[in-house]
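So, here's a batch of structures to check.
The same chain A turns up in both complexes below, where it pairs with chain B and then with chain C.
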Partner chain A sequence: MRGMIMSTESQTFTEKFDLLGCIQCGRCTGGCPVTVRTNLNVRRFVYDAYSEEKLEELAKLAEIWDCTACHTCAVRCPKGLKPLEVLIGLRSMLVDSGKVQSTVRNALESVYLEGNPWEKPKATRYDWMEGLDVKLAKPDTPVENLFFVCCTIAYDPRLQVVAKNMVRLLNKAGADYGFMAEGESCCGSEIHTLGEELLFEEIVGENTAFLNDFQARRVITLSPHCFATYKARYPHLNKPVLHYTQLLAELLQQGNLSWGHDLQKKVVFHDPCYLGKQSGVYDEPRRLLKSIKGVELVEFDRSRERSLCCEGGGGKMWVESESKKERLAETRIKDAHNLGAQIVAVACPFCVLTLEDAMKALGYEEEMRVAEMTELLAELA
Partner chain B sequence: MKIFVCIKYVPDTSEAVVKVNAEGTAVDSSRFSFDINDADNYAVEESVQIKEKYTGTVTVLSIGPKESEVMIRMAMAKGCDNAVRVEDARIAAFDPLLLAKVLAGAIKGQEFDLVLTGCMAADDGQMATGVALAEELGVAHAAMVKKVEILEGKVKAYRELEGGLMEVVEVALPAVLTIQTGINEPRYAPIRGIREAQKKELKVVGLDDLGVAAGDVDASASRIVVEKLYLPEVVSSAEFIEGEPEQKAEKLASILVKGGLV
Partner chain C sequence: MTEKPKLGVYICHCGINISATVDVEALTEYALTLPNVKVARHYSYMCSDPGQLLIKNDIKAEGLNRIVVASCSPRMHEPTFRKSIQAAGLNPYFLEMANIREQCSWVHEDRTEATIKAKKLVAAAVAKVRLLEPLEAREVEAERSALIIGAGIAGIQAALDIADAGFKVYLVEKSPSVGGRMAQLDKTFPTLDCSACILTPKMVDSANHPNIELITYAEVEEVKGYIGNFEIKVRKKARYVDFDKCTGCGDCASACRVANRFASEFDEGMGKRSAVYLPFPQAVPAKYTIDPKSCLYLTKGKCGKAPKCAEVCGAGAINFEQTDELVEFKAGAIIVATGFDVFDATGKPEYGYGQYPNVITGLEMERLVSASGPTGGKIKVFNGAEEIVPQEIAFIQCVGSRDKSVGVEYCSRVCCMYTAKQAHLIVDKLPEAKVRVYYMDVRAFGKGFEEFYDRVRREGVRYIRGNPSEIFKRGNKLVIKAEDTLTATPLEDEVDMVVLAVGLKPRSDYRTTMELLRLSQSPDQFFLEAHPKLRPVDTATDGIFLAGCCQGPKDIPDTVAQAKGAASSAMIPLAKGKVTIGAQVATVFEATCRGCGFCVSICPYSAIELVTVNRMGHMIEVARVNEALCKGCGSCSAGCLSDSIQPKSFRDRQILPQIAALGVLR
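And now, the complex of A and B:
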């Protein structure tokens, strides 16, 4: 059995994560949303990881899998460090030893073999397009907006509607766009946070070459996870990347989109961590919602950069926390219920899954609805 | 310990829409994903664990196309030392008895203590290859093994039987064990390991290299003729039992008694 790898070939763990830069102020732990339900203390990990001989023991602690990679700790760190990356570094050591739980193993192997973490065949990735009038992109044909569909949206029957509705909205707006009908593969967001560093490197290389080949002005992503990953972790991508809410807000402003119906509902927008905290997109989704006649847009107490994580990121779709305390998604839905919101609008596939589950678990199905933004907009267009 | 582990590259049909080709002779696999057969994955893990405990070598053996090399490299990333892939269009791959002959041809003439393989392939579900392989090699076997203990010159094998029974047998080495899922927790094949596994030997051989006569393992040698493949007709035969709970229970009991089910 290969031993755990203490550091990368060229850097020690301390150097890689700039552990000596930490002043132990505690702002990371103070803001960490999962501390209310798990034993995770990220400041402690940053402190302990300085001792290389402790790393192997630290990597075995269950808490390293509680982190949702929401980036609150990174946003709050006064030294500009990313404490969560220390936890990902520890996960990497475990991944390299092969000793990860079966759900993580299956997700990683599925990305390696089939280009998606859901153990689905490559060949069925585009089935969501069936029966739709969708324009396809070709590398040699110039296109304004090249769409990248997230694996979860492409395969999950609950979420395929996001891609379908996007096509309907784009056709209505007469937008210049193209979807990919072959070669599309996982962006690697969750592979990075699950700690499979080398697989992520391979994915970045392959996707960069693939996307750079298209004569597109920009890439539009449907998931904030793909969006944040392409923006922050693809240094050689030759085009800007947008989240779809930014494109729709632009089409609305240009007068290419309008709503044929009004919506007399109280709506609250849940900021996805990967769209807000990690990418700084807060206003476009709200602009879209405010443009709908009849909508009363209310705000969570914890909104924008203080938004409460739904626990869907950081590879958590494949790792169940040991904690039996209330899920953050349930806390979020209770907050929405207390606000009297009839619709919780979200713009992230993982947030849809976690919040909808929480809403059902709390028995609020009759009173409220969790809706992906494209669901609301396509119904009104 | 010198171990061979036989693995098969199979389609995942758990959620897929299965269609038979136009000739009615094979399943259309163009939209399937392929990976190591589930039970074989446990056999790989068990082989590597035995090697880690007792030292030795593990050789992967597989009959399959070039595409299956990704699976073989993953097995080597987990700790197997080398591999042999057999590819020959003449092999009647639908017949487990003939596959066993081919596998035996790849093993014969070499020393070995154990041959491990999954107890069942997810594609044809025959559960025959491993046992037939023991016969071809002229060694003892234990099937459906859920736990292995290595003893002096023999193994103690715990066999999972119907109704939750566990049969414990001692089998003299060399032996073939067909491994049941759940015997261990298969590890992940990290990319770092897969890259290192590229340096390990993977031999590709045909029937002639193995000294196996094609006439012994091709369709003419098989006692199986695939006449026709078809999807079972979907019929509806559900009966809804109406009435108050007591009436429902009475009707249900009467149906079960009449049907000889209780």
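And now, the complex of A and C:
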């Protein structure tokens, strides 16, 4: 029972999560987006976890799997605590004892064996490149922008287009870049939130060594989840990490990118939690959208720092929610519909999946479209 | 000194503070083995009367001429023991303290090791005390006047006290009127006195007092000198209105071509003013000012055919040719009373401040609820484009207080009570309204505070224990996303208006003041007092004092109390008419000084300058120390390339044997 008393080294659960720093102000639960549809009350977990003897019991509560790891609780906490990590700590107790859903177990095992959580073979990770003029990075060749492709984008047929479009945009801009044709492996973002700490530590070590080996000025990620994880949880990475919207905004500003077509549409941008709240990138995606002639950019009332989570993170791809209440992605799509938006622009593979599902479920397919930013931009370039 | 050193060593138990960890008897025996030590004693409280008497009697009976006291930090009791050995006829600087409390007993647990360390500290003090020279403190004349920076309630109160005592006061205020933050407030908690009603008489007094020279719309630009003799330069900004001619009639403001176009600073942007303006009706002095940033004539060089203000002014007071004026004077003491700014609520974007017009700050609420405010005291706000009288009102506590996420860890001390007061005022004005206060702790610690909090709850104000996380809009309602932590219920409460109880922050320009006066900051960024308990109004610089919120958040009674304390401390040199200059200052050995000026650039007190002297017919530059400014910190000595500048009592030949003694225990 490693998770119970000594999660890592000799720290107790209370020490590890600084539970005694909590003043029970309620901002964590107050800000938690899933409270409208589940019983999760993260403040209660922080409070109850003071008692080490209760931990096992707490870990059995189904709510611990409702957390989407959006980090709102951590961003709002006035004392610098990360309440969601308490839930992850409880999850890790279950992972250690093997008491997790088979979907979770399979995802973890797949990362361990194949370097991705989607139970796909390692070797087919680069299939998306087929037929494309992709520049490949080699450790001994200096390159400006080293690309890291998210597992979901690499394998999911709906999302491979993100990587493909990225290549088209980079080639058009004449950018100095390189994609990896071997050795690329899951960043571990979802492994961490699912609670598999040991595996995550191993992944961090391996990826750090792998990426540090490249003579690249910086690493560009396609998913905000990889972006936030590399930035926050890879202390020994020797390169700065950017999200691709930052790079594209830079290329646009330098005059290396331009749009050949107009887009006469009302567009709303949905801030992904991992890009916005967690990493503070709000302006670059908007700058890109505003640069398109004809686009009328509208804003959600809950935008930027107050963006509403789509429920795609926190390992939720592998844990089905039991709540029958309206999904947050549906709330979001309804809000977009009320704004009269014809396009919901997103910059995260998970947001594409959740919001597109919601749009279909609500029957708005005729009126609007969920588009990954690269899809819009590559069409116009 | 040709006299043979005869030493007395006095070891303090400090109750059990020292004796529990250090073997004082063994230490005493050890002290007796040290060279030149004639007497060594230990006693429970050496600083007590009987303790001091021990030393005095021994000096007389045994003919001691050097004293070592092994006790606490010299910061605490060095002055005490200097006085007692002086009373017994010794030069007060023939004393060395061995700090065996803060530097030994308090920080160690092992008694054997601590005793060994105490022995080393005593041996070192003994080694040094033998080499000390007699020094004389000097007195210089002190200017019998004070400078007070900032004319809010703290500055005004301190000015009135000092002026009433018969001393001259220069009261300098940055804005066009005195009154500060207190003038902006409506009622005051918990007594509900009208803030303006109790403040205005004092404002008027500060302008009319024969001993106060009120200098408004001005900034202190330079402060040189030292306690008793500060030399001050103040820039009086051009008002573009002749101060003596202006009658305060206000015709200019009504006639102004850009009348009521600019956000009124006094009304926190809730109201408008003209380019020529009086900040508020009761402003003192009642003289108009032209804001150079908003005046058409001053920004664009023309205002129609001719500025209308000048056309309508019957007194002919408008003067666009006016320029800044520099005023110079001397003062014996300075009181800093620069006040505070409120937390900028856009720093917490989750609350939508700046985005929703019906989310306002506590200070804006003061103006909204005030009869002299932009709505004449009517509670109404814009909800989107529509003006409404809110029926459901929420207060959120601790916005920009106790919040690491915005870098403010402290409690601002006034928000709980100003919120309770504002909630009461709303209940009073809008009896049908639902008023809720979202809080995490209610801190009602002052006189009458808890009673007031009780009253407000009984008036129907609903207190909900949970600090909200987010505000967003649903339809035409604001939604407060929070948790009622007492029932563990997540909430999405719909309201018409939100008041953010913003906390207190240091003035945005605190750095300028800090650099001007060489002040220090505490970790909360407010100005640092010399001692948190015993010298709460003093600063590290003699003669400079703090009053009011520049030192930390406080309410009006505490501010006034501190202002009175600062005034009374500032009056000490003024009343004496002279100040004592410390004797442990740096001296220059001119024969070896090369005049490189390195010490001049190092000195944190600007106490050193280069002067030209005649050295055997050659005119050369050497360093010279202004003993009144020198604090004896030793920075110059550490930097000097030729060992030519050294502080008295800390010369190399005095401290090197002391250091050597630390390393060798016989």
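In this text, the second predicted complex is superposed on the first by the 372 of 381 C-alpha atoms of A that agree within 3 Å, B and C clash if a C-alpha of one lies under 4 Å from a C-alpha of the other, contacts with A are read in each partner's own complex, and residues count from 1 in each chain.
Definition applied: a residue touches a chain if its C-beta (ideal position, glycine included) is under 8 Å from a C-beta of that chain, and two chains touch if they have at least 3 such contacts.
Nothing here was measured: the structure is a model prediction, and the numbers come from that model.
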Three-chain arrangement built on chain A, chain B and chain C clash or fit: fit
First, second, both or neither for A:105, with chain B first and chain C second: first
Contacts of A:25 with chain B and chain C, given as first, second, both or neither: second
First (chain B), second (chain C), both or neither touched by A:196: first
Chain A-centred angle between chain C and chain B, computed on Cα centres after superposition, in steps of 10 °: 140
Touching partner for A:124 - first (chain B), second (chain C), both, neither: first
Which of chain B and chain C A:44 touches, first, second, both or neither: second
First (chain B), second (chain C), both or neither touched by A:181: neither
Chain C versus chain B - closest C-alpha approach in the superposed model, Å: 34
Interface residues, chain A side, partner chain C - complex: 23-32, 35-36, 41, 43-44, 72, 75-80, 301-302, 304-306
List of chain B residues in touch with chain A within their complex: 12, 15-16, 30-35, 52, 70, 74, 78-79, 185-195
Interface residues, chain A side, partner chain B - complex: 1-2, 5, 95-100, 102, 104-105, 108-109, 112-114, 119-124, 196, 198-199, 202
Of chain C, residues touching chain A in the complex: 349-350, 352, 398, 402-405, 440-441, 465-470, 472-473, 481-485, 488, 490-492
